[in-house]
Amino acid sequence: MNSIDFLSTVITLKRIPRSGWITHGISLPDVESVADHTFSTCSISILLTDLERRRGVRVNAERVLRMAILHDLAEALTFDISKSYLTYLGERGRDIKNEIESSAWKHLARSVGSVSISRDYAKLQKQYLSNITLEAQIVHAADSLDILLQILELRRRGYPAGLLKDLWNESVKKVKKTPVRSARRLLRVLTREGRGPVFQVK
Amino acid sequence: MNSIDFLSTVITLKRIPRSGWITHGISLPDVESVADHTFSTCSISILLTDLERRRGVRVNAERVLRMAILHDLAEALTFDISKSYLTYLGERGRDIKNEIESSAWKHLARSVGSVSISRDYAKLQKQYLSNITLEAQIVHAADSLDILLQILELRRRGYPAGLLKDLWNESVKKVKKTPVRSARRLLRVLTREGRGPVFQVK
Amino acid sequence: MNSIDFLSTVITLKRIPRSGWITHGISLPDVESVADHTFSTCSISILLTDLERRRGVRVNAERVLRMAILHDLAEALTFDISKSYLTYLGERGRDIKNEIESSAWKHLARSVGSVSISRDYAKLQKQYLSNITLEAQIVHAADSLDILLQILELRRRGYPAGLLKDLWNESVKKVKKTPVRSARRLLRVLTREGRGPVFQVK
Amino acid sequence: MNSIDFLSTVITLKRIPRSGWITHGISLPDVESVADHTFSTCSISILLTDLERRRGVRVNAERVLRMAILHDLAEALTFDISKSYLTYLGERGRDIKNEIESSAWKHLARSVGSVSISRDYAKLQKQYLSNITLEAQIVHAADSLDILLQILELRRRGYPAGLLKDLWNESVKKVKKTPVRSARRLLRVLTREGRGPVFQVK
Amino acid sequence: MNSIDFLSTVITLKRIPRSGWITHGISLPDVESVADHTFSTCSISILLTDLERRRGVRVNAERVLRMAILHDLAEALTFDISKSYLTYLGERGRDIKNEIESSAWKHLARSVGSVSISRDYAKLQKQYLSNITLEAQIVHAADSLDILLQILELRRRGYPAGLLKDLWNESVKKVKKTPVRSARRLLRVLTREGRGPVFQVK
Amino acid sequence: MNSIDFLSTVITLKRIPRSGWITHGISLPDVESVADHTFSTCSISILLTDLERRRGVRVNAERVLRMAILHDLAEALTFDISKSYLTYLGERGRDIKNEIESSAWKHLARSVGSVSISRDYAKLQKQYLSNITLEAQIVHAADSLDILLQILELRRRGYPAGLLKDLWNESVKKVKKTPVRSARRLLRVLTREGRGPVFQVK
């Protein structure tokens, strides 16, 4: 087995739509790919890292970026698992999502073609899921900030507030709880700009 | 609660893409909606019913059609659950899919706003899943025949055989096992036309 | 001739856009297919049937569903004939549309490959057009209710009221005249929800 | 009434799809607009005019270009009337298409807001339909050549020959009969390039 | 070399998106092609010509239409060069755009396969760029009016004013300065209709 | 000025199409965004880094990933500048592209809202362009490998070899020259799989 199998899978993320936007009524050609979202999460993660460092916090930037790149890779195999989907399983929903993604992850990591590299990738994915290290928390915060920025962008392009209000509130709540201070500061600017839950389009 | 809630949910199926085609590399605007597929399943079901009746078999057409209309309705809430998704759960995959869909189904049926009607719908959905009655078997056969017809259509429009071979073989296998004779006869015509697993585009 | 010809034609409805929405300024990827609309008409028809039965009215559900499935099938051959198109023929417009569709229908029914079945289908199509039986009236009401639900959905996703007002009013008028009481009741709920001709997006 | 009404109608041609391509199985986002086709017809018409002039033929270029611009304008109101549509009316099909378009044309010309200008436009449209003057024949030839060029382009991008063969042959036949010599010469180059009815994609 | 090379290039304009709309946040499937825009510019140019003539001004209609058809043809080779792009080159931006397009134009004109014709086309393109003759000014005015009409159309379909305000103001400013009186008159009607910079959607 | 301006710009890369694919005849909805490409470049870069490290080469992974994320960011402002575009400027083309992008880059970096961070980003962009350090060479190799993988993916989905041959050969040539050995090794596997310049679709 060689690394091409790994890369061929990676590349399919360019055309896997983020299913959450479809459920929220966004037109299909306006729905971003999982790759689009991952790129944005990487960019926000690096900025958060730099902002944290500037105020004296020590961050392992390499680890942050590796995690950001890998955090949704399993969706190349499992498709983007929408949350509405899991609500019908009640409390077990979250566990099952994690189980499916971890299993897919193992399959994916094996395709890298190197035992040591694939073991490293699997470790990072676990670290991301457990969300304890500062590095993982930065990626989680970036993941939510990307959703907020995307909502503002969709609002700006004419999508009504009603469609996106619940997703906005849910993501705001997540960032408010993050220990990453620069993320909370960005949130304050964002929500000020958004005036209220979701800002008015002029 | 009133029936409008039910209908508003039904209508969203028009824009839920059948995720299986995305995983198989079909371009997003060529991916049919779940509603598209259900319409076709209804049409094939009615034809199978009429062909069965013509050769003397008794079929409850009303039940067939009700089942065909309802068979994928839960996906309005759960999104179309791709099979690749479930393989990562091993044998439990199928069970979990059924559990999620049944749970979503109950939620949906309640929104009809009439206890007796919603109970009837729930019963039909169960009957479809258990796949024992001739009526359920007709809808299952129609569901697979629609996939085969769709593959032929995609092939005709230029999609390469390589993309669709596994799905073709899998669906052929299902129809071969159906007790519905007219379905097996249609299959023979289809595969003859398709010359080999998937026919050559000229 | 065999039934595959019939089914291959049926399947093309998945990619015939409902041209009326294009004329009304809806973006192409947001325009439903004729198959999408037919699926929804089937679902609404079955609900209306059940609601009518609950209040003691006798309805032949099988006939309703057959008619719903078949009611727009001719458009697989004729394309969706937009109404604006026909206004330029004045009073003859409606007649010509019916003539074209009946002629296409005969062609289509023949492709079923069975004289008796195709004769039955042709009879149903005629019954639908004449709109006298309760069963036909249910399908006509469902056809209009689907347009209203679709308008509400498009409004919810940000399309302005101005684009859709005339279509809304025209469809409301049709449902108001239907003898199917459950349809008129659904209309009342719908218009209440829509507050005025077409509701305000928040 | 003012000319803005006229121009607002003109502008809608940018989003009216050429329905013939849909019937032939081309993916919706690959289907050109009526405006796309008209632009191309204009460009080919001007080239044919220049080629004819170079070999000493007198052509009124202004009239050619006016006709080319106007030749499908009525479709802004009637939608693009697909030919398959008209076959179900037998021999009356062509007449009815002309009747509808002429009627729409009158409506459109009136919206120009100037009696003399709108009368001129109506005359040109008639001249185009009767296809007797050299100028009209140039535009008709350009209209067919655009279809052939579009087929070659679609072939180049991977669409299979089977989808487009009938349309190719039909358009070749039309250009073969045109009295415009430069058009027939272009056709010879085109078909040589296309090697056989529709060329092989490598 | 033969004229088919020229026409094959012309035809690609049908699928080159006008990049300015993408930068302004319009959804990809709603973005017109360069061919769409050119068709509309032709139609507006012919109307302006007729309106000018009616008030006694002498206009060479053939030259106007030739220029309108050719004015964006170079973009088949250079792609649509967005203005935002050039701002990063400061004052040299406009010159470089012209240099690129003139160079592409020469390449394109050569592909016509006739020295005299291609020389004529190149002369017209130069005349258009220098914008001194009345004919060139008519095409420039039509080019800007098309943008204004397209903005009104996008507004009507729900795009928010905020997205398009700067483009609206910039195009209004251009038409205000044109010596073509009928264009300024059309502008007055347009802006009245648009009530303020960009009109409110009801 | 605050970092939100920076992020809002970053996010627009999700809907900037990679214009090269449009010029090569790929259907618009199949054209990846610049964000899609950047995500893939990041993933390939990290893999190359790990493969290089495994064979004892020292690589600064953080710097690689930062460069990969930033390498096309300027296109959020300049749009994706297609190469065909620059050929019309002859040898100055490449310089002008670099000049435009550097200028846009400065604008973008300033929007980060921190002098030190933006200075770092600008340095990295310069390092990437000069292509001397191993880290820059890894990102350049990843950039080309992504194009090759994307071509294989498009071929697999039915796009003909003829469309993509020149781009394939050009990218192969680039990777062949890279000093990054793991990249050359990946290339060998890729081209073996692609059998000849671009592999045959079955």
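For this structure, a couple of remarks:
The chains carry the letters A, B, C, D, E and F, assigned in the order they are written, with residues numbered from 1 in each.
Note that a residue touches a chain if its C-beta (ideal position, glycine included) is under 8 Å from a C-beta of that chain, and two chains touch if they have at least 3 such contacts.
This is a predicted model, so every value here is computed, not measured.
Note on connectivity: the fewest chain-to-chain touch steps from chain A to chain E number 1.
Listing every chain that touches chain B and chain D alike gives C, F.
Per the C-alpha superposition, chain C sits rotated 180 degrees relative to chain F, a value rounded to a multiple of 5.
Of all residue numbers seen at the chain A-chain F contact, over half occur in both copies; the interface is built from largely matching residues.
Between chain A and chain C, the centres computed from C-alpha atoms are 42 Å apart.
Distance from the chain B centre to the chain E centre is 49 Å, each centre being the mean of its Cα atoms.
Computed centre separation for the pair chain A/chain B is 32 angstrom, with centres defined by C-alpha atoms.
Within chain E, residues 27-29, 153, 158 each touch two or more of the remaining chains. The touch graph of these protein chains has some other shape, matching none of line, ring, star or complete.
Annotation, chain-chain contacts: A-B, A-C, A-E, A-F, B-C, B-D, B-F, C-D, C-E, D-E, D-F, E-F (touch as defined at the top).
Listing the residues of chain F that touch chain B in their complex gives 27, 29-30, 153, 156-158, 201-202. Taken together, the chain F residues at the contact with chain E in this complex read 15-17, 19, 22-23, 28-29, 77-79, 81-82, 84-85, 88-90, 96, 99-101, 103-104, 107.
Interface residues of chain F facing chain A in the complex, by the touch rule stated above, are 2-4, 6-8, 10-15, 29, 32-33, 35-40, 42-44, 46-47, 50-51, 54, 61-62, 65-66, 69, 73, 112, 114, 116-117, 120, 145-146, 149-150, 152-153, 186, 189-190, 193.
By the touch criterion given at the top, residues 25-29, 158-163 of chain F touch chain D in their complex.
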